[in-house]
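Here is the structure we will look at.
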Amino acid sequence: MTGTDFQPSAPILKVSGLWMKFGGVTALRDVSYEVPEKVIQAVIGPNGAGKTTLFNCISGMLGPSEGSITFLGQAIGGIAPHRIAVAGVARTFQHVALFKKMSVLENVMMGRHPRTGSGFLAAGLRLPGMRSEEKLIRSRALEYLEFAGLAGCAGVESGTLPLGKQKILEIARALATEPRLILLDEPAGGLNMKETEDLGELIQGIKKLGVTVMLVEHDMNLIMDISDRVLVLHYGEVLASGAPAEIKENGAVVEAYLGAEDEE
Amino acid sequence: MGRKNWLIMLGAAIFIGVFPWLVMPFKAVSHYVDVMVFAGIFSLVCIGLSLLMGYAGQISLAQAAFFGIGAYTSGILTSKFGVNPWLAMGGGTVVCATVAWVVGVPSLRLKGHYLAMATLGFGVIVNIIFAEEVNWTGGPSGMIDIPYLRMFGRKITSDLAWYYLVWGIVFLVLIFCFHVLHSRVGRALRAIHEDERAAESVGVPTAGFKVRVFMLSAVLASIAGSLYTHYVTCLNPSSFNLMWSIRFVLMVMVGGMQSLWGALVGTVLMTFVGNEWLQVFAELEILAYGAILLVVALFLPGGIVSIGGFRRKRRQSALEGAGT
Amino acid sequence: MKSAKNLIGLTVLGLLITAAVLFWSKGEGIAAEKEPYKIGAVFSITGGASLLGEPEKKTAEMIRDEINKQGGIDGHPLELIIYDDETDPTKCNLAVKKLIKKDEVPVIIGPSTSGTSLAVVGVAEEAQVPLVSCAASYKIVTPVETHKWIFKVAGSDSHVVGKMFDYMKSKKVSKIGIMTVSDGFGASGREELVRLAPEYGITIVADERYGPQDTDLSAQLTKIRSAQPDAVVNWSTGPTQVLAVKNWRDLGMDKIPLYQSHGFGNLKNLELAGKAAEGVILPLARVNVGNLLPDDQPQKKVIMEYTKSYDERYKEPVSSFGGHAWDSMHIAIAALKAVGPDPAKIRDHIENTKDFVGQHGIFKMSPQDHNGLSKDDLEMVVVKDGKWALAK
Amino acid sequence: MGTDFLQYVISGITIGAIYAMVAIGYNIIYSVTEIINFAQGEFVMLGGLFAVFFAGTLHLPLYLAFICAVAVAGCIGLAMDRFIIGRARESSVLSLIIITIAVSILLKGSAMLGWGKDPYSLPAFSSGGPIMVAGAAIQPQALWIIGICALVVISLTLFFRKSVYGQAMLACANNPQAARLVGIPVRYMVFLSFILSAAIGAAAGVIITPVSMMEYERGALLGLKGFGAAALGGLGQFFGALVAGLILGLAESFCAGYLSSGYKDAVALVLLLMVLFLKPEGLFGNREAARLKKF
């Protein structure tokens, strides 16, 4: 947790032979890949390359058509998203998915859900264990807000925050679940330069906490700055993977991007 | 629960406490106490339904069926097996919770119209069972000779005693539900209502929570049913038919689904409207009832409690509640 | 802004309603010279049993007007307070409580159905106010020890079934198929049919049920037909009994005579069933067949009077149900006339009603019998040329 | 045994045809607006009672009474959309459920005031006694019911498949915004759907009145059964509604005949629940399409 050097270790996530088909469309085609622990793993590719689909498969929002996903040695392909969250995978969404009518603090408190356990009866009868747990939830949530730099607006209704802060809040909420792996889907989308810079620092901070980060992003500068490894998807297939510098030089990747640009 | 809710509850409790003494001296409204007993019983059903509709975002047209299952369980256990009424009430909640679980697990995967349809179908089936199992339920002519409720060794027969008993339970249930809402569980429910996908992503088992709220609402309806049984001491399937399920939904809607207070206000109001105030219209009553519903659904979709900016208050108190 | 307007509007509406209620409850009876005598009534004027409640309400109102035109009960105007229970036990319960508490009536007539009556027996008993139900179930008045304040003017289903079985025996019917509607009326009839059949040496070979709003009974009748009974008994009220007649005819079951319950005793049913109803047999209270009675029959006079004035006022034929209201109204009025508006005295008076000539028979109440009718108060009737005729 | 079986089939198909027509009424409105009109059953009741009014009170010939009753019901359907549903297009599903229930209460109450509580009947469309087939009796009116139901299904299928109006109506359902862009008058199409659905419901009411009579309270149950048929067949599926209606009718009839007549209504509903739980999009619905519907 001290250094920022890239130290490969055992894979935290292993995807092998992953297929995802929607009716006649194949979104992922035989994707196999391993993510080592405590790295920042970027996933890039032109629109429609299957990046978000990959995230949805890992986080359980979609059950893969074929193939396996192993997280910390446990097969998680096709199990319910909330169980994957409990297992230690958190995520954010491409289009911010906050609980808009809840306060900023409450949103982060929601993140504590999988790490706490009091149920209907305990809550309704206000049992002592539940009350102390509630206090703990609150103080831990405040810590995460502090970490994300949002402590100032704890009481604000989250839907009223500017987009940049909403994106950060979503990350804070995901972090509050104490994940081992966090999936960030286009966290910089719609952010300005300054905000993107702050975001980069935040992501590196997350890595320092010992959390593996996977991020889908279009902002190449951000990716080149912070990521340790890059995976390139193209038409649902793995096109290339490696360190950012290598990817930059990879002809196939450049072509794929240029080709895609032409189409748009 | 927040300070504002405590204040409202205090006000409501004082009002409920003195209400009988306000109306009893006046002959013209002295029977309002009786109406309030039923309003209290129905409130229990509607509080549960409000949790389900307003907080978990699910509709149920089967509440009268759970109300009836509780009522008949109590009735059958006490009159045919001589079980203590309070124990029978507990038995009713267990039966209801089990049935709700069995029905809820497949139903709550459905949404909107489909869920309405499934619960409606279930409710009608239960009602047919009440009417057909003559040996157990007495069939359509009804079940009679159900023993009175006893407390501290005495029969509860007077309307005033019933009034305070029922409303006492209503307030206990309200406190229970507010506590639930302002806890980890309540936050999860609100989260499900706002964005199911995001709720799942932070580890909320949405399907499981929906089923549990459904079970809670069934249990509350069951308690209400048991109270009804011992209050009326006679059961008839027509007290638990589809019309009543619809009435319960309407009570919650008219009051406002956004808060438990809405359920309470709506229930009391609609009980009075349905049994008292519309009687001046005689034959036109049914039209007046329909018209009121229409007006509320069209012009007051937030229900009566939305009139005075009540919703905003709830919002704030929920925030404070998060801190307690 | 809009919500503020709504708030004001609703408040005004609420105040108006409250004012109206208060006015109503105070406003009546101001002009009376003598303290009016009150009778409370609860009928199922709307809802599932509205076919029962409607003529009951009309009859009760007609009698009130007649009495008041004659100068009331010993100079006391008669005040009739009617509530509609919408055929709902809960509403019925509330309505009776309201009659007792708010209106402080000394005697209550109704409710219309067994289900609603059973829901209020306890209330009247507890409040010690006599209640004269218009429904049939024997459970309403038994056991008498715990139903001291409850009476009923509708003959028990056991009378109807007994009368019918007597007639069947005389026609050598030994196997019957029954079909009953799944509401209180049908369920109570079914219970008695099943209970009494062995006593009369009759076997029930088919026992079918249907809903009150069913649109087709061919399946039930077909099943009965295949059990080869000597007769079919249908027990229901409302449109299903006409449906039974039509389906019975259409299935060509003429050779298996169709018996109906006394619920069929409404000329409208004959109108609706038309030719199909020819030959249908049923036990009927005399109120429906006044003109067929011999002149020396003691009930003839009251029945003809009622039939005539009801027809004049409402332009429709009388029904059994209206007859119940007539009986209960007049029993209550007789008691009020004799002992004044004291619930306890009224109860005692009703319990000792002897030889009261009513629409449904000659009532002989006693501390053991809070109904006072027997199967002798019924006639077996057959449909002939679209009219009732006494069955031989 | 054989005769009985045939008799059950006949009565099942007859009542099933009525359920199918009610279900089609639900489907038309649902296809265009994605609203479930809980007042659908009341149109059946109104159709029957208006036919009684035109034939019995005004002494019109039966076919004219039929047409007038259907037309009046169509107008009521139009009014319902124009003055009530149209104002609440943006409401939540729950509000819409309540609104249509309120309308059904109003219609039922008005019918009670207008016609009273007595049942009414109509003469059968063609005279003559039942036709005997292998010992089973078929009422001529049953043939009318089945024939008219078939006619309605065929013409509606043609209407939605082939005609420009039908295509336009479906387009409104799939994507009202796009429909508006390509120049389809969406409001007008919605009106049309309400008129059509009310008229078909009313037609069902008219043809069933000679068989089973009609009174103000009848609508709710027929509506419920029709609703069951619509869900069973898959919301929005016309052919599905027909088949599901017949299945429901036959299931009820067989249950009454071979199992317990008291539980016959329950059997239809259990069938409905099972379909909802196992194949929520209905027997003939499309899973992908059902998922896309905005609930």
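When the chains are written out, they are named A, B, C and D in that same order, and each has its own residue count from 1.
Throughout what follows, a contact is a pair of C-beta atoms (placed from the backbone, for glycine too) under 8 Å apart; a residue touches a chain by one contact, two chains touch by 3 or more.
Nothing here was measured: the structure is a model prediction, and the numbers come from that model.
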- [ ] Give me the fewest steps it takes to get from subunit A to subunit C if each step has to go to a chain it touches.
- [x] 2
Open item on the list: Quick check on this structure: which chain has its C-alpha centroid closest to the centroid of all protein C-alpha atoms?
Closed with: B
Open item on the list: Which chain has its C-alpha centroid farthest away from the centroid of subunit C?
Closed with: A
- [ ] Please report how many Å separate the Cα centroid of subunit A from that of subunit D, as a whole number.
- [x] 50
Open item on the list: Please tell me the distance, in whole Å, between the geometric centres of subunit B and subunit C computed from their C-alpha atoms.
Closed with: 34
Task: Whole-Å gap separating subunit A and subunit B, where each centre is the average of the chain's CA atoms - done: 42
- [ ] Mark out which residues of subunit C touch at least two other chains, giving numbers and ranges.
- [x] 46, 48, 182, 209
Open item on the list: Which positions in subunit B are in touch with at least two other chains?
Closed with: 131-132, 283, 286
Task: Chain pairs that touch, as defined at the top of this document - done: A-B, B-C, B-D, C-D
Open item on the list: List the residues on subunit C that touch subunit D in their complex, please.
Closed with: 46, 48, 50-51, 54, 179, 182, 208-211, 213-216, 218-220, 222-223, 225-226, 238-239, 242-243, 246, 250-252, 268, 272
Task: Of subunit D, residues touching subunit B in the complex - done: 36, 84, 87-88, 91-95, 97-99, 101-103, 105-106, 108-110, 112-113, 220, 224, 227-228, 231, 235, 260, 262-263, 265-266, 269-270, 272-273, 276-277, 280, 295
TODO: Using the touch rule from the top, collect the residues of subunit B that touch subunit A in their complex.
DONE: 176-177, 179-180, 183-188, 190-191, 194-195, 197-207, 212, 216, 315, 319, 322-324
Open item on the list: Show me the residue ranges of subunit C that touch subunit B in the complex, using the header's touch definition.
Closed with: 3, 6-7, 10, 17-18, 20-22, 24-26, 45-46, 48, 83-84, 87-91, 93-95, 97-98, 100-102, 104, 114-116, 118-119, 121-122, 126, 137, 139, 182-184, 186-188, 191, 209
Task: Sites on subunit B touched by subunit C in the complex - done: 27-31, 34-35, 38, 131-132, 134, 139-142, 144, 157, 159, 228, 232-234, 236, 238-239, 274-277, 279-280, 282-283, 285-286, 299-300, 304, 306-309
